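Lettered A, B, C and D in written order, each chain numbered from 1.
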Amino acid sequence: MSSVYGKNLIVSIFGQSHSEAIGVCIDGLPAGKKIDFRELKKFMGRRSPGKNEYSTKRNEKDDFEVLSGIVNDTTCGAPFAAIIRNMDARSSDYKEIMDIPRPSHADFTAQMKYKGAQDINGGGHFSGRLTAPLCIAGGICRQMLKHDGIEIKAHISEIHGIKDSLFDPVNIDMTPLDDGFPVLDKAKGEKMISAIDEAKKDDDSLGGIIECAICGLPAGIGEPIFDGMENRISSAIFGIPAVKGIEFGNGFACSKLKGSQNNDGFYINDNKIMTKTNNSGGILGGISSGMPILFRVAIKPTPSIAKAQDSVSMSKMENTELVIKGRHDPCIVQRAVPCVEAAAAIAVMDLYIEYTGRRI
Amino acid sequence: MSSVYGKNLIVSIFGQSHSEAIGVCIDGLPAGKKIDFRELKKFMGRRSPGKNEYSTKRNEKDDFEVLSGIVNDTTCGAPFAAIIRNMDARSSDYKEIMDIPRPSHADFTAQMKYKGAQDINGGGHFSGRLTAPLCIAGGICRQMLKHDGIEIKAHISEIHGIKDSLFDPVNIDMTPLDDGFPVLDKAKGEKMISAIDEAKKDDDSLGGIIECAICGLPAGIGEPIFDGMENRISSAIFGIPAVKGIEFGNGFACSKLKGSQNNDGFYINDNKIMTKTNNSGGILGGISSGMPILFRVAIKPTPSIAKAQDSVSMSKMENTELVIKGRHDPCIVQRAVPCVEAAAAIAVMDLYIEYTGRRI
Amino acid sequence: MSSVYGKNLIVSIFGQSHSEAIGVCIDGLPAGKKIDFRELKKFMGRRSPGKNEYSTKRNEKDDFEVLSGIVNDTTCGAPFAAIIRNMDARSSDYKEIMDIPRPSHADFTAQMKYKGAQDINGGGHFSGRLTAPLCIAGGICRQMLKHDGIEIKAHISEIHGIKDSLFDPVNIDMTPLDDGFPVLDKAKGEKMISAIDEAKKDDDSLGGIIECAICGLPAGIGEPIFDGMENRISSAIFGIPAVKGIEFGNGFACSKLKGSQNNDGFYINDNKIMTKTNNSGGILGGISSGMPILFRVAIKPTPSIAKAQDSVSMSKMENTELVIKGRHDPCIVQRAVPCVEAAAAIAVMDLYIEYTGRRI
Amino acid sequence: MSSVYGKNLIVSIFGQSHSEAIGVCIDGLPAGKKIDFRELKKFMGRRSPGKNEYSTKRNEKDDFEVLSGIVNDTTCGAPFAAIIRNMDARSSDYKEIMDIPRPSHADFTAQMKYKGAQDINGGGHFSGRLTAPLCIAGGICRQMLKHDGIEIKAHISEIHGIKDSLFDPVNIDMTPLDDGFPVLDKAKGEKMISAIDEAKKDDDSLGGIIECAICGLPAGIGEPIFDGMENRISSAIFGIPAVKGIEFGNGFACSKLKGSQNNDGFYINDNKIMTKTNNSGGILGGISSGMPILFRVAIKPTPSIAKAQDSVSMSKMENTELVIKGRHDPCIVQRAVPCVEAAAAIAVMDLYIEYTGRRI
């Protein structure tokens, strides 16, 4: 499949960092759904660079153009397609890395796979820029899900050891975050920003963890074994570059608990069956339980740093030192927050269409 | 898809804990490959219960019967199918849970999804027993990969806070573990066994973490964005019941490091490009780098415990207490080790067939 | 995919003519549906050999054993699996063809693909016998569809130039055929049987055409371009060995008509929009129109004939003559009728699940 | 899937007749392959309208813009995307058909499926215009296949009863046709053109049959049962609007022959195993035999005709007469010829990538 996701909703992402355009085609969206494009642009804005000190200086114009699938701001059943033109691209920045791969980037593996045919400029198809069309697709799915009472909200839960508050797993406040740094506790956000500034001054970068909740999903969605909610959400989330781990519910922490501590006891609440805790993250046997879906995602530090690094010349097969030029984010965690929401929205929408069917 | 995995290798798992049989159909295996069935049985034996004190008392006969796809112990290109008959099943143990769901089991979500039609006996299709056909499929893939120099090895890295040694990420000793408790450091294994015994006496259970390595995979395998090695391995691994998280390379720990600490510098070693560290877990941009693939998997404590637990009567819609009868593992982490290898082998084999093609 | 069909309903067929068993796994069947197994056996009986003069003498026992997915004759949501044991197989009949391929059989192409690893006995995985598990799967889908008012009926429309009556395209009599030779006009059936007897005496074989109708399908099912009803039905129907063509509505005959003759004018009938003719075969733009779905399938003459034929020795690379021994149908068209219904039922069920969704 | 085709090569087609643009995204193309864009434009030109008397008067500018996947005219491994802007669209022509569906068009079924949300202008996503991006994708695949010695060639074999010569099934002249009317026998082509002119004068339209050959494909490609060459080619070919049937080899004619007449005897020719006849159309058991792949496709007469036709008002639920305005082809068979080549090229390329793998 490669850059294509889904079964009943098929999302195809295309483009390279410096190609004519990047974009997305979405096949299988329900027809007759109004899209609020102002809202979508606002959502896109949350991942946009260039807004502040802690993001890349590249002035990406993320204005997308809708090519198909929409009539009067409403889905018409035909595949949706939208593109973003690439404008402010300085290809000369990237000459060197064709021979000297950047550590922990895809330069080396792309060379191993495509044998020199790959588009190296700006990271080509592996660029974080490709999360823009991901956010177009995810932003649309997010709106459609919200219309049916299913909401998705993510925040930074940790950057370089500084921890934000966590969601209350059984009772999540789904009020959207404001436009600032996407944390629950603003004071912690300030500390994170300081840490990022510090890293930037030091020509370095930081990673972090994002927590995401999905509320309002009916119980009974997801399939056993290979097609459960965890399988499908994780295979979408790993579509975001820099993601190195995912855990549902209490995740890796469950390994430290006893069954009696980890199990989520059932009880009747207001004539509804709920659980008192939510260590399962709202998923049992791959199927949604009606409790909030909860997961956390590990984001590695931006691999592009201005510090000198060890690398090799692939042509000469000798060790060398690499100093990466160009503009890079000292931290992408804050920009990855809407991307996590977008990938989750795509995975959930695909499952949700499977659940509701195509009969209107 | 549900209980079906893969693109060029398609694995379909069927059966319920107490149905006539459980089994697997594998479509797309390369033809002309000799299978060592004694070796396969040995591999299956690693997940078998009833061997010792710390596993369920159920005497599962995991003898499988091959139905198709094999001529003279060699794959013939036709789909492989094998079944395991269900024998020692005591369905009466499970009457109550049709109404009173076991906490952190799939009983409740199965009811929400199948509205009473689900097979509740022994957990039905959600039973851990379904990992037996997973291991048949994975065991075969594992043999085929090994024949091409690709080896897979997992061990328990943690049970209830007791930590085994970890693999050396850049230089893994792939010598198979002996038949005992699957740890690198036997002394740590003894401590884990004691902890399990303790939990058992206390009518409780324990979870843990499994570390898995894949060595010998050529660089250049995997596709960008949605079809990378992380996406595909994770969507197979979440096919194992009780898995709640997966992380590649240093995973969640990367969030605490700076880019300069986390990046894996390249160097020339014996005329080969390698990295000095392997925080990336052998995957960059979704594509294998030639370094060992490394990931860790979180396994929750067995949800079936003999302790009284809070639950509800779904028919009466009232709170109640549940005491689970029957035989259950106080810890399944040791039995999950070969399952993790099996799921990884299936995911890698699917990718490997895509890479090599079907031209013999 | 190979021997796997479907998207939301996944049918995996396994087995070789002389392996331990042949069988099928069906993933994604709706839960809670009662299966009438006596009815299913009766359906299977329609493709069974050995009943009469014009079929193979092989006494296949087509008694299937259900392994999983059924509780109290009702689907439980878990994958359905069933097998048929292979008993009366005389492998010695097939020794020669490993070297000397039978004309118009898969012997040669299997050798080109599997390089000698293929199971040649009885045609291996390419045997017509594999249509037995196809009929199990299709028979179940057929029952489920019938329960929702969707009926499927096929008959022989031609054997060796002898033509049966055709369905009235706009008003099909869906009364099931009796157990005899599957034609609408019994007199024509007698002539066909005579022609088959004649061919048999002459050590030869005959092909034919099957017409199939699907009634009761709501309008609005099917997707544009690559996933329409024609695409999906045809990709299932070509799963039956010996099928060499498919046409929908008036099919190839449309090429002789003018638009004004070929177009199906709309009219109001009993407050429903219908068409006066049905040259489109109930499908417009890949989507069902509510009129009967109609298609015809070309079945080639059984390639196994007792007459001497030209072939080659693949080992000696020289021309030779081949006389095929063993038991073979002089005509398989009558046995292919339920197979066409089965393949159609599987394709329609897959589409129908997509349409209705999984929400019960 | 809907407007998405393929497994290892994934082609997503988007756009409506009058949307901003139509286009295609191709995921999985081999990297490092030079594309001759002049050649591609020439190929696209073969389906372009407006060239002559017997095509629509709409002046479609089929100039496509490549957005991604190409560096220096060479595939770079990233998904290929290209779009064609829609310019000369007169939406006012289509107002009426929202209520009064055109006979044998998708207007009615689109209404049944999308309940009024569909884009009706110019036929929306169901327009024949969507074969332009199909030809972009197919044209690229065709070039890549040709580079490996696999050639595809189609011609009109029949229009309204006027028959062109057929390919010699065992020895096909693969010299490309000239730019004129795509027939083998120019005299027959003249007669077809006259028949089309006649139909046009009469406000009517004509259908026809297209024959297509694929030469140079190695033996051993294709999978058994549901994933054979027939299944996959047919599911691509039915992606072309107006296709109502497909037959391989001698197809429906095989039903009139005896096995002894229909079977293709093998013989040694120049140390290669070939068949003396090619009634199988180069496919046995779903797998290529090395003989030319041969199939024929039935194309219905253009449903849009200027003659008054019976239809209904869907809002008033009453019978009415429809006179279609706008510009329409009296015959699309000649324009469908490159589309058949394109769909075949996509299907074969997908299979070919599966066969060769992604290892360069």
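The definition used in the following text is that a residue touches a chain if its C-beta (ideal position, glycine included) is under 8 Å from a C-beta of that chain, and two chains touch if they have at least 3 such contacts.
Keep in mind it's a predicted model, so treat the numbers as computed, not measured.
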item	value
Partner chains that chain A and chain B have in common	C, D
Path length in steps (a step moves to a chain that is touched) from chain B to chain D	1
Result of counting contacting C-beta pairs for A-C and A-D, higher pair	A-D
Chain A-chain D separation of Cα centroids, rounded to whole Å	38
Centre-to-centre distance between chain D and chain C (centres being mean Cα positions), rounded to whole Å	26
Between chain A and chain C, centroid-to-centroid distance (C-alpha), Å	45
For chain B, residues that touch 2 or more chains besides their own	1-4, 7, 13, 28, 78, 110, 113, 125, 220, 223-224, 358
In the complex, chain B residues that touch chain A	1-5, 7, 11, 13, 101, 103-106, 108-110, 112-113, 125-126, 130, 158-161, 199, 202, 204-209, 219-228, 230-232, 234-236, 238-239, 241, 243-252, 254-268, 271, 273, 275-276, 279-281, 283-290, 296, 298-305, 307, 309-312, 314, 317-319
Chain B - residues contacting chain C, complex	1-4, 10, 12-16, 19-23, 25, 27-28, 31-32, 65-71, 74-81, 83, 110, 113-119, 124-125, 358, 360
Partner chain B, residues of chain D touching it in the complex	7-8, 28, 78, 218, 220, 223-224, 353-359
